[in-house]
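Have a look at these structures, which come just after this line.
In what follows, chain A forms one complex with chain B and a second complex with chain C.
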Partner chain A sequence: MSLDLALGDITRIPGVHGALVVSREDGLVVADALMEGVDGAAVAALAASLAGRMRGVTAVLGQPEPVLLMLGGTEGILLLAPGQSGLLLVAVAGAEVNLAELRLSVLAAAGTTF
Partner chain B sequence: MIPETIQALTAQLARDPGSLVFLPLAEALRRRGQLDAALTVANSGAARYPEMAGAYDLIARIRSDRGEGDLAFDAWTTVLRLDPDHPGAHKGLGFLCYRAGDHARSIRYLQRAAELTPDDPALAPALARVRELAGARPVPGYAESAPDPLRTSEGESDLALLVDLQGRLLAGGIRGADGQPAGEAVAAALTGVTREAERASRLLGLGPWRRISLEGGPAHFELRTPTNDSVLLLTRPRQVPAGRLALLADRAAAAARRWLEELR
Partner chain C sequence: MRAIERWVEVPLQTFLSESAARVTLLMTSSGQVVAQHGFTRSLDVMSAAALGAGILASTAELSRVMGTRPLDAVVHQGSAVGVYLAGFDTPRGRWLGLVVFGPETSLGLVQMFFARLVGDLERATPAEEPPRQVLAEDFEDELNASLRTLFGR
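Our next item is the complex of A and B:
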């Protein structure tokens, strides 16, 4: 599946504001599908940084890297799926999104894309 | 109770679903550790007899055995609404309040339970212990004024950690994959996570962050912010469903919040 198709599957879900593929090492955008007003560069940098921090926690515990990370705020959520190839699939959504659907979609996209 | 007796009670209940045999059956299942089955039987009985305090007392004890302190609290509160002098409810609520660090309420419940059942040998030492804790309020940071909420509310050790924003351990413990304690190292690592989560939430317009969920590997993790200056990490094996883990984390966060308020 192409990156664009994978991102398109995610952004079709109501409440999703955007989806990106991000380079984990430098936090740069590789591909994106974003609503107007969403700052892709900021999302990419922050997502990569948060994933790195969480990797630190699981590493301390001797656990493998998570396959899915969700940051939930009162107004919205950020969903990250680290891949094996040094990439990170990221979705930004409002709090009203169907989280179960988004979770499955991100995992499926990460599985077929990375 | 032997399984044959449970079978007999089950058969009796099947023959007469409206009978009161659900009480001894649910109690027998509870004592055998079959808590899900016990809860199902007790809930069905309570639905048939909504004014029976004993049915809710049974539900409360099952909930307590399952580590569901908040739900046990609700059930015992229902018992007292139906029967204000139910000694089991006063005793149960007394222990729940003690576990939550609410010593004043614990004393009130235990005192009433002791008045109602003066022969109960467990009540006098429990009451003395809570009075001692309530009377000798320690200085925060030097001693705990209440039991570690992450151990008492969870019923399992080394599966939850409460830290402050400086990465200092407040309560609980956690072990690494090698079985060694890793609380201090995880607490330090969490400091970076909370800063990053706060920054990402603010800059991306997500609102104040409330939770982080991690899936993958043999264990899953949930993070919560019980207060503005603390972070809770809870972990369970991956077999625990994500929704249940989230509920456990919410409950642990509520217990931690009460505990921190008690300390302050």
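Our next item is the complex of A and C:
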């Protein structure tokens, strides 16, 4: 599946503000589909940093790397799915999103894309 | 962290703590050092400033030859460290920033926080003072004072 199709599958869910494919090592945007007003570069940099730190935490705990990370705020949700090819799939959504649907969609896109 | 211009200190300190950069150098487009963090030898600072200004001048000329817009940033990514070199406009003219960063941070974070540094510097810039006449007898004292500020000697 192409990156654009994978991102499109996520962004068509109501409440999703955008989705990005991010380089895990340098925190740069590889591909994105974002609503206006979403700072993709900042999301990419911070998401890659968060994923790197969580990878460190699970390594210290002797656990495998997580397949999905969720950062929940009062106004929105950030979902991250680390891939095996040095990429990271990121979804930005408002608090009203159907989280179960978003979670399944992100996992499916990450599994078929990376 | 050492700065010739005191108003640069707070924005630069914020950038350093947020980006986790190892070395940072702010200079004018002619290579005159404004502030530095991470260098211990004056020779290294002067060399880095001259080389950084030269690299950005070369890329500006390259973009002129190619007929494109000026290239604002250059990144050298190594296996151990990366170097981010960018030019930006301030109320005091065009400045350059040279940032050396390691694997404890990322290019994306350095770029993001550098953009914030540029905005913070613009907001922190005090009103321009009227130009003073530089007298020959003051020149050496002022030069030595600037070097002491930058290198603590």
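Throughout what follows, the second predicted complex is superposed on the first by the 114 of 114 C-alpha atoms of A that agree within 3 Å, B and C clash if a C-alpha of one lies under 4 Å from a C-alpha of the other, contacts with A are read in each partner's own complex, and residues count from 1 in each chain.
We adopt the following convention: a residue touches a chain if its C-beta (ideal position, glycine included) is under 8 Å from a C-beta of that chain, and two chains touch if they have at least 3 such contacts.
What you see is a predicted model, and the numbers here were worked out from it, not measured in a lab.
When the two structures are aligned on the shared chain, A:110 is found in touch with neither chain B nor chain C. In the superposed model, A:88 lies in contact with neither chain B nor chain C. By the touch criterion defined above, A:66 reaches chain B but does not reach chain C. With both structures placed on the common chain, the touch criterion links A:3 to neither chain B nor chain C. When the shared chain is aligned, chain B comes close enough to touch A:54, but chain C does not. The wider contact with chain A, measured as residues touched, comes from B rather than the other of chain B and chain C. In the superposition on chain A, A:42 makes contact with both chain B and chain C.
In the superposed model, A:26 makes contact with chain C only, not with chain B. Within chain A, the residues touched by chain B in the first complex and by chain C in the second are 42, 46, 49. Across the complex, chain A is touched by residues 174, 176-178, 182, 185-186, 189-190, 192-193, 196-197, 199-201, 203-219, 221, 233 of chain B. Put simply, chain A touches chain B in their complex at residues 42-43, 46-47, 49-50, 53-54, 56-58, 60-78, 92, 95.
Within the complex formed with chain C, the residues of chain A that make contact are 22-23, 25-28, 41-42, 44-46, 48-49, 52. Interface residues of chain C facing chain A in the complex, by the touch rule stated above, are 77, 82, 105-109, 111-112.
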